[in-house]
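First chain written, first letter: the chains are A, B, C, D and E, and each begins at residue 1.
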Amino acid sequence: MHFPIILFLTKNWLESHMASAICSQKDYKVVPGPEAYLSPAAASMGIVLPEKGQGLIEGQIVSEKVAMEAIAKKLLGAKNPTFFPGPNVLWAVSEKAVAKAVALQEMVKAVPGMKIIPMPDYRPKYPMINPEVEINPNHPNLTIWHNEIDVCVFAGVHCHYANLALKIIRGGTDCYTIALCANPGHEDAMISLRDVHVEDIRRLTKVIERLREGSK
Amino acid sequence: MRFDIRMSGLGGQGMVTAANILGSAAVKDGKHSIVIPFFGAEKRLAPTESYVRISSEEVYEKGEVTYPNVIMVFHEEVITKGKCYTMPFYEGLQQDGLLIINDSDEISLSERNTQSLKERNARIFYVPASQIALDVAGTELATNMAMLGALVGATDIVTFDSLEKAIAERFGERKFVASATTAALDDVLKRKYARAQELVEKNMEAVRVAAKSIKDS
Amino acid sequence: MKERKVVDPEYLLKEAPREKKFLIGNEAVAEAVKRANVDIGVSYPITPQSEAMHLVGDIYAEGYLKDYYRAEHELGAMAAVAGAAMGGARTFTATSGPGTLRAFEMFPCWAGARLPIVCAFMCRGVNSPLTIQPDNIEIGWLMDTGMLIFHAENPQEFFDMLLQAYVIAEQPDVHIPVGVCADGFFVTHTREIVEVTPEDEMLPPYDPSKSPCPTMDMETPPIRQIRDPFVMKSNYISYNAHASWQQEVRAAAERSRKHIAKYLGSSIEVTNPDAEILLMASGTAAAQARVAVERAQKDGIDAGLVKVKVIRPFPDKEIRELTENPKAILVPEHNIVGWLAREVMSRTDYTKVCGGPRVFGGMTMPPEVILSEIKNLARVI
Amino acid sequence: MSFIAKLAEDLCTGCKQCIFACPEPNIIRFNGNTKKVEFYIDKCKGCGLCAEACKFDALEITLA
Amino acid sequence: MIPKISPGFEDVLPVEYRELVQDGSYGRNLRIKDLGTFKESIEEHPLCAGCALSLSIRLIVASLPCPEDTIVVGTTGCNSILMPQLAIHNIHSLFGNQNAVASGLKRALKIRYPDKHKDVVVVAGDGGTADIGLSMTMHSWFRRENITTIMLDNEGYSNTGGQESSMTREGVVLYMAPLGKKYPKTRMFEIARESGCAYVAAVSPASPRRLEKMVRRAILVARAIGPTYVQIYCPCATNYKFSPSETLKRTKDDEQIREYMSSDAKELIERLGE
């Protein structure tokens, strides 16, 4: 557990309660935690979502290409990379969802040692979750802590729940979070891509494979 | 020229309708206008007011006209019995303002009121609007039109052409948002005339007669 | 009903040809709803809102909406639009003063459930003794529900803001309700020129598949799903989930800033920003203030005006910058509590802020009243 | 201290009354081969409704 | 929607989800008699041992004619503690507004899925239905909304610790009625009938097959004709302070089985052979 909790509390209590204070927003970075007793939402700290063709790295807007490279590097350098697929890809609701699921599995295969822990739904599960087999947006950091996951990828999670989970993970763990979003992206992730569809996942997989081959 | 007009009368005399028609006519003339009724739970024969602002410039102000330069009194009881939310009836009248009162005879005012109006250099016109409405349009419900005629006679605030179009639009087939009581009076009025066109013509005649009576005076 | 075609929102809001009409605010509301391609309207009568929902009923009868009914009370109306929105429909409703309060529990619920509902608030007094007259105290209460709050000055803005509200509310990164407020009677019953877009052009339909929360139709995964979950366990982490949830609703409002800049232009409108005396006002108080500022300038007083169009998310940065230089800030308002003055004070040197004049209970605020306050200030600064 | 249901399999007739009486889902399952019920006891709260419903005294509530 | 797992993810999903897909009740037209032979869509829940209300919900869910196209609307109360564990879309909005939410939801689904039956079923407690939400409950009936309202009548407010409700019987001492309730139980059956419900029934979980028949009838009539109401008596062991094992006996002793159907509803039920 993080020790100087009082310090965190003071600094971040101020920040999250002065969410609009320009001074505290200036240098805000979305980096691995543990950040605070209750970390602020990155959007309230002045972090804005990327436009089409762009991505986010630690709160900074970069080109999509740069973001993809960064994701690949993070995944290949991870001790315990983990993929958290959400309901939109776990459940075969449409051909699009199935195609995406297949593409994501190819991505997982490209990363040596990458695990999959699913987020099958969003219920507050009773009485407990087994963090070895599932992640739940209502207690995501249990999963992260238990498995000592250092880099994780979210995909197929509804945006609202993805943001909850990403923020709690940042608040309570030192996991590096990556979000592949089909909508406009996630400020609360350390790296985020937007408008990610099947072909974009394939492109990302290619980047991972290229970097992996290059490092051999 | 900027007109800030207050119309005072009793519920059912058509102050709100007159204000809508006047504002609409001003817009047709290419001017700017804002129309607002006095907003209470208005009932028949209860004191009622409506307001129109007209200008060649853009108009921003909302709400009651508190400092009018034109006050139109639709019913003598506004003055004689104080049936008016604004007391005395000329409260807020600007310097050199205009008063148009629906009565054939001059109403005797208290010395204080006479003095006060004199200090403001108010121009006062009496017009037998209800009588004109009855004689020319065949119904007292056209009183408001005669009052508008008097206003046009005194100020040329809108053209007859636009006024006619505005009346036709108001009583035409287009759906018009009116309170329940106003809608009921609309029905009475429409029943009086065989055709919508006749309604417009008769009302315009009342407008012209009233305007002429002011011009002539 | 004319045959209608779907057009691009940006075209409809910015480029579509406009026709001048002489309308009251309530008519402008119905004209906006017509073009917003709304699925369901739910109404409940209250002055001064009623005529707007009558007219929405009329356009439903003409075929512009797919469903419409009069609810049992405002709480029922607001709950029904919530249900419809959870089912993936685009909804509209409106209320005023006491109705807002009767339904109040639903507003944080809409925001928390991330429902892109657009509701028009035709503000009126709510206290006893009864008043049906304009008074926008309810905005002061609505501000902290998590909804976006727009404040229209006139029927034209009411029309535009309602359409803009749908476009902004339904952005996947925003997806929270928008309250479009206008002062009752001063806007709802005031007839003036409103420039409207063509009757046969409408916004694209709502796409629930882009919602940040699943649609409740048993077609959207996951099927094991409650809108919206309780905290089931009493421990740090599940409360953290709830706290994060609330932060996420506020974050959504922050994200709307980008879209507000795109579709509204700006959250504020400024005249003479370098003035010694700066007025800050919203709604019809801004209209009255504009006239007072013009007259003050004619009298040789250095006065300016900031009209605040968006109350939530509050234009913090803009207000902070604008309040740096003036010697005094005057905040005229149509309510007794002075919620806008409070907002401004908390973002600047509050000793410079004069909250007032305040007019409420239905009274008109003549520009002369504001002007005399400007003159008083000019004497002392 | 907690209670759970205990089944005397030889007395079970497979009438399913216990299944219809149990407020907890997926605990009592019917085995199509043996035509008797089976208990997935992990989630049993020991309320005793199954024992009440059983007309053949095949069920009793015991200390877990 | 009948849930299916995306190919390749079968092995990563927790076992209870796999069971739901392989052995769930979706699209199989299962009945209460089949209970124990398929995976129920309620997972483990936190309600009290011996809770007749949770038994009722379990039986209601097993009775749904089309669980794959049903959306449940609940409200605050013990039922809403269970609902998140239900693998059918369900809504908790506020306390008492369930029938208004259901009205809006049903209308939205009619617009979006004109060729499909989407059953909207309200499952709420007696407080939510007959007290705080009474106006919204009754008005959904007046408006003839195509929704089914199921009241779980445990004769009091249980989730908040055992207060008297309008469904509590006269004379009963509970919190907020320290001298005993001073007026009789609200006659919701009659109210429903007079308010325009095409089908009204009262039953308890002590009669599971009858409960099933009534719930099915109520939902099928709601689809085609108009509002329906089922009142399920399910006494609360915790707040009425009796042993959980007595629940069934109490329920059986006090249950009142009643049924009313309009002539249209009767014709429909006969035609469908329900």
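Just so it is clear, contacts are C-beta pairs under 8 Å (C-beta built on N, C-alpha and C of every residue); 3 or more make two chains touch, one makes a residue touch a chain.
It should be emphasised that the depicted structure is a prediction, and the values quoted were computed from it without experimental measurement.
J.: Which chains contact both subunit C and subunit D?
T.: Common neighbours, subunit C/subunit D: E.
J.: Tell me, which chains sit next to both subunit A and subunit D?
T.: Touching subunit A and subunit D alike, sorted by label: E.
J.: Could you tell me which pair, D-E or C-E, is linked by more C-beta pairs in contact?
T.: Taking the two pairs in turn, the one with more contacts turns out to be C-E.
J.: Measuring centre to centre with C-alpha atoms, which chain is farthest from subunit D?
T.: B
J.: Per-chain C-alpha centres versus the global one: which chain is nearest?
T.: C
J.: Based on mean C-alpha positions, I'd like to know which chain lies farthest from subunit E.
T.: Greatest centre separation from subunit E goes to chain B.
J.: With chain centres taken as the means of their Cα atoms, state the distance from subunit B to subunit C in Å.
T.: Roughly 35 Å separates the two chain centres.
J.: If you average the CA atoms of subunit B and of subunit E, how far apart do the two points sit, in angstrom?
T.: Those two chain centres are 62 Å apart.
J.: Averaging over Cα atoms per chain, report the distance between subunit A and subunit E in Å.
T.: Taking the average C-alpha coordinate of subunit A and of subunit E, the gap between them is 39 Å.
J.: Centroid of subunit A to centroid of subunit B, CA atoms only: how many Å?
T.: The computed centroid separation for subunit A versus subunit B comes out at 68 Å.
J.: For subunit D, jot down the residues that touch at least 2 other chains.
T.: none
J.: Residue numbers in subunit C touching 2 or more other chains?
T.: Residue numbers touching two or more other chains: 214, 219-221, 223-226, 229-230, 232.
J.: Give the residues of subunit E touching no fewer than two other chains, as numbers and ranges.
T.: 1, 3, 41, 43-46, 84-85
J.: Which two-chain combinations qualify as touching?
T.: The list of touching pairs comes to A-C, A-E, B-C, C-E, D-E.
J.: For the complex, which residues does subunit C have touching subunit B?
T.: Those in contact with subunit B are residues 20, 22, 24, 26-27, 47-48, 51, 54-55, 58, 132-134, 154, 183-187, 189-193, 284, 287-288, 290-291, 362, 364-368.
J.: Subunit C touches which residues of subunit E in the complex?
T.: Per the touch definition, subunit E meets subunit C at residues 1, 3, 20, 41, 43, 46, 68-71, 73, 80-81, 83-94, 97, 100-113, 118, 135-136, 138-139, 143.
J.: Give the list of subunit B residues in touch with subunit C in this complex.
T.: 20, 23-24, 27, 32-37, 39-41, 59-64, 66-67, 175, 177
J.: Applying the document's contact rule, which stretches of subunit C touch subunit E when the two form their complex?
T.: Result: residues 39-40, 42, 66-67, 69, 71-73, 75-77, 79-89, 91, 105-106, 109, 113, 214, 216-221, 223-230, 232 of subunit C touch subunit E.
J.: Name, in rising order, each residue of subunit C that touches subunit A in their complex.
T.: Result: residues 114, 171-173, 175, 210-214, 219-226, 229-233, 237-238, 240-241, 243-245, 247-248, 250-252, 254-255, 258, 314, 316-317, 320, 347 of subunit C touch subunit A.
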